[in-house]
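Can you read through this structure? Questions will come right after.
In this document, chain identifiers A, B, C and D correspond to the written order of the chains, with residue numbering beginning at 1 in each.
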Amino acid sequence: MAKSSFEYVKTFELSDTLLPNTWIVVRLDGKCFHKFSEDHNFTKPNDVRALKLMNYAAFTVFREFNDLLMAFGQSDEYSFVFKKHCTVYKRRAAKLVSTITSKFSASYVFYWSKFFGEEQLKYPPSFDGRIVLYPSEENLIDYMKWRQADVHINNLYNTTFWTLVKEGKLSPAQAEKRLCGTVSGDKNEILFKEFNINYNDEPEIFKRGTLLLKKHINMNESYKCVSVIVDVHDDMLKEKFWTYHKDLLFMKSKQNFIYDGPITEIISEQLQEKYISKSDINNSL
Amino acid sequence: MAKSSFEYVKTFELSDTLLPNTWIVVRLDGKCFHKFSEDHNFTKPNDVRALKLMNYAAFTVFREFNDLLMAFGQSDEYSFVFKKHCTVYKRRAAKLVSTITSKFSASYVFYWSKFFGEEQLKYPPSFDGRIVLYPSEENLIDYMKWRQADVHINNLYNTTFWTLVKEGKLSPAQAEKRLCGTVSGDKNEILFKEFNINYNDEPEIFKRGTLLLKKHINMNESYKCVSVIVDVHDDMLKEKFWTYHKDLLFMKSKQNFIYDGPITEIISEQLQEKYISKSDINNSL
Amino acid sequence: MAKSSFEYVKTFELSDTLLPNTWIVVRLDGKCFHKFSEDHNFTKPNDVRALKLMNYAAFTVFREFNDLLMAFGQSDEYSFVFKKHCTVYKRRAAKLVSTITSKFSASYVFYWSKFFGEEQLKYPPSFDGRIVLYPSEENLIDYMKWRQADVHINNLYNTTFWTLVKEGKLSPAQAEKRLCGTVSGDKNEILFKEFNINYNDEPEIFKRGTLLLKKHINMNESYKCVSVIVDVHDDMLKEKFWTYHKDLLFMKSKQNFIYDGPITEIISEQLQEKYISKSDINNSL
Amino acid sequence: MAKSSFEYVKTFELSDTLLPNTWIVVRLDGKCFHKFSEDHNFTKPNDVRALKLMNYAAFTVFREFNDLLMAFGQSDEYSFVFKKHCTVYKRRAAKLVSTITSKFSASYVFYWSKFFGEEQLKYPPSFDGRIVLYPSEENLIDYMKWRQADVHINNLYNTTFWTLVKEGKLSPAQAEKRLCGTVSGDKNEILFKEFNINYNDEPEIFKRGTLLLKKHINMNESYKCVSVIVDVHDDMLKEKFWTYHKDLLFMKSKQNFIYDGPITEIISEQLQEKYISKSDINNSL
């Protein structure tokens, strides 16, 4: 069994190392999720269960990679941002993109019932992945803004469209025609004047997508602060987000952002893992 | 919401098109499967449930891509071979490797209980993927032989090692020492003389791994032949495999290999999908 | 002078290894040669001096690389074909394309006066280079045919255009208009009927470009055969060229094509280098 | 002549676009210049004619590319730095590296006699090229420092080595042995104590290499300032160089560095080109 005589085929595997000192963004997109969402009775225009499952799958990815700075998700897509000096898997492109996509996909299936309860998963979904490098802070911030602006645009459209269909009793084709050529202001006005819906009151998770970040939580006096991954819906299109988080992109060791927002399920779970046997956990929350 | 002012960031996504007219091999490997197999009580040296789950996950990938010629799996790895003229996803590397890995991983979790029954999946596993191109038939055949020779070498070693441990009551360290420096003949002899085990009688799936191929099955007279994906354990190290399948690598439209082997679960399932309401399905099997 | 503290910058140089077992084609193109040819009074539509200089520059490249199978040139472009198993410069793309282009460009200037005599070179020209890989014999042959078909199409057009201008006294704009929409047959007819020119009688170097190949010449009886680079104008669009040269693309060691064509300047020069002091050189030619 | 049936071969040429917003460095190295320098009687350890020819060839490249920020040369190598936002040739790697190398090589031959006078060029030399991307100012500055530290280390060694050989009458092997294990201080001491040579007094061009930059020269009152490429030997290892030139790397339009150094041949030539017919040119110099 002269295995060695075949081993030359290994030399056909070429290097795909990514340029050092650039932020690595891995973005995943659901494949055929239009059909998948119909097959699984997703609520329109947004299904909270589905968004929470996306966030939770992203969270399972996030906790495995120390070099992740943040992740941002909306609809059926998620972006993961690795720090510039990241050397995980020697920065090999295929290894990175496939591992992230694999972990995310396996988690999506594994945690399905945690969020969908009785709604059965009918078949395994899949996601594709891509890698983009950003050499400057400005480029990376613009990337994040681009994805978040996309949430806003899509969600305003979808919210108006489905309101016209569900409450306005238009057919999808009529709703589409009605919205053709409208700008943001027009859609806000339709919602407000015709349906008494103030778009600003829509849930943040719908309007802004979800951002995962590493932050610290101050526990009660007897404990040090605890590092957790938080799921927030901050407005990255505002400069003050970037001013406040100005060290975020350059984290070399531990950053020290203090979190004082609500204790979400994702955060609560991490706190419990760390303090499960300690009596004060419930107090602190 | 000037989305357009951020869209320039799309230009940072560079082309990763694969060279045309070369066979594309996507190989997946389980991440930390040593630990995963212990956490899930895999039988040593081979766990039939785990191998069948791998094969089934590969089968779900295979049926989604018309351009797949074959797939070969062993242990926690699987290779997928696309035909030379394949243009799926415009031959974009990241898209291909991530989609295949995603589908495989999601299926692995989705079908876990089909093969593992009561054994609970404790956490989602992950796989990494890579892409290698082969420009000639000879190179590709040598790749397949390389992977299958690897099965043989590993399985003979593992079979002997675990026999020494389980039946020979050696410690793992003693077994390792005993096997140090031995060649195939030595291991065969240990198995035969000391434990009365004829290695040749070991199951083919252990000794040779599993090959997925598209073949045709002749149903009884009233039906045409049916195209199915078959899971076989053929010996690709023998030239006669390649002589018999000589058109396999050059398939342009439908190839016409007739299958007359056993009706495995994977095959049976496909036949039932196609003939579920027909009375003669049972006869023909 | 802590040089070592800066050396990390070397890690930014990424691998650009070309896929093994594929034919490497390096093609050079003159930059701004329309202007260059006017600045140096090139004869229209073809300047024999310029073509011979291109061939000679290509010849100086060819003799430096054992792994070159052939080279083909026309107008201001030249293609160099390396054998499939070539490992020169470890198949690094940038190194290959830049070295070939450099040698060619330096030779073009160095040998200018050998072909242009009194016509002074006014400034150094430049060429760009590119690399394309071909995985199959068919693809490579089609590449060669593509470039030679291009010679034919361009030369028939240019010959007719300049005949209309120079002998037909049309302005360039009139000539262009006259040729608009014509096919090959029309141009042949214009040349023949209006100017009594049989296009077939045009020099082969104009109609077919120049091919460089390694062949053997049988010297007179007392000498073995001699390996030389020959410059020929064979018709690669005809299958018989490829039938006759069927081992050319697969040369592993020395091929054995016997040359019995005319002793060109390029060939003569090589023979003289090898036999300069031997009396029989003149006889054999 | 169905050219179109062969044109599919164009699709085998894959994209090699370089990541946007990164500094592009193209570095050339002479091939076999040890032999070339011996064949052409280069003075050891430095040949001013050869260095000036390198600089002049680099200058001819520099003036052709608006997007070049600087170039740095020493011995038989030259680095060209393109600005981050450069889009020349759509940032195609092979096109960039080959064109630069071609222009440099052709110029080296074309201008040989301008610097070498009676010393005949015996054969055309060649250079190889490579491309490296730097995403941050710090990385790029470290690259420049790395190359200049290299000049210092090599030149101190070579100066001491050749002094030991030429004046100390050691054989090359003896000189090599003598220098084995010495640090900079040791070599300075050998030069000073044994040969009364103060290394600091060596010409800047030898100790520091040559830097090409775009600067402005203030002509006499009646004229505006003139943009020229200057050849200087500044110490880039000192921070003050980078403090002074802090906008150099970020040039978007015209930068405004005023040059008040000596009028070198390269500078003088540019001034003459611009003012050839004007009487005051001589005054201003």
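Rule of thumb we're sticking to: a contact is a pair of C-beta atoms (placed from the backbone, for glycine too) under 8 Å apart; a residue touches a chain by one contact, two chains touch by 3 or more.
Note that the coordinates shown come from a computational prediction; the quantities given were computed from them, not determined experimentally.
Common neighbours of subunit B and subunit D, listed by label, are A, C.
Comparing chain pairs A-D and C-D, the larger number of C-beta contacts belongs to C-D.
Ranked by separation of Cα centres from subunit D, the top chain is B. Centroids built from CA atoms put subunit C at 55 Å from subunit A.
Once the centre of each chain is set as its mean CA position, subunit C and subunit D turn out to be 32 Å apart. For the pair subunit A and subunit D, the distance between C-alpha centroids works out to 48 Å.
The set of subunit B residues that touch two or more partner chains comprises 12, 19-21, 133, 139.
Those residues of subunit D that touch subunit A in the complex are listed here as 19-22, 84, 133, 135-136, 139. By the touch criterion stated above, subunit A contacts subunit C in their complex at residues 11-12, 14-15, 17, 19-21.
Subunit C meets subunit D in the complex at residues 1-3, 5-10, 12-13, 16, 28, 31, 60, 89, 93-95, 97-99, 101-111, 121, 123-134, 139, 142-143, 145-146, 149-150, 152-153, 184, 237.
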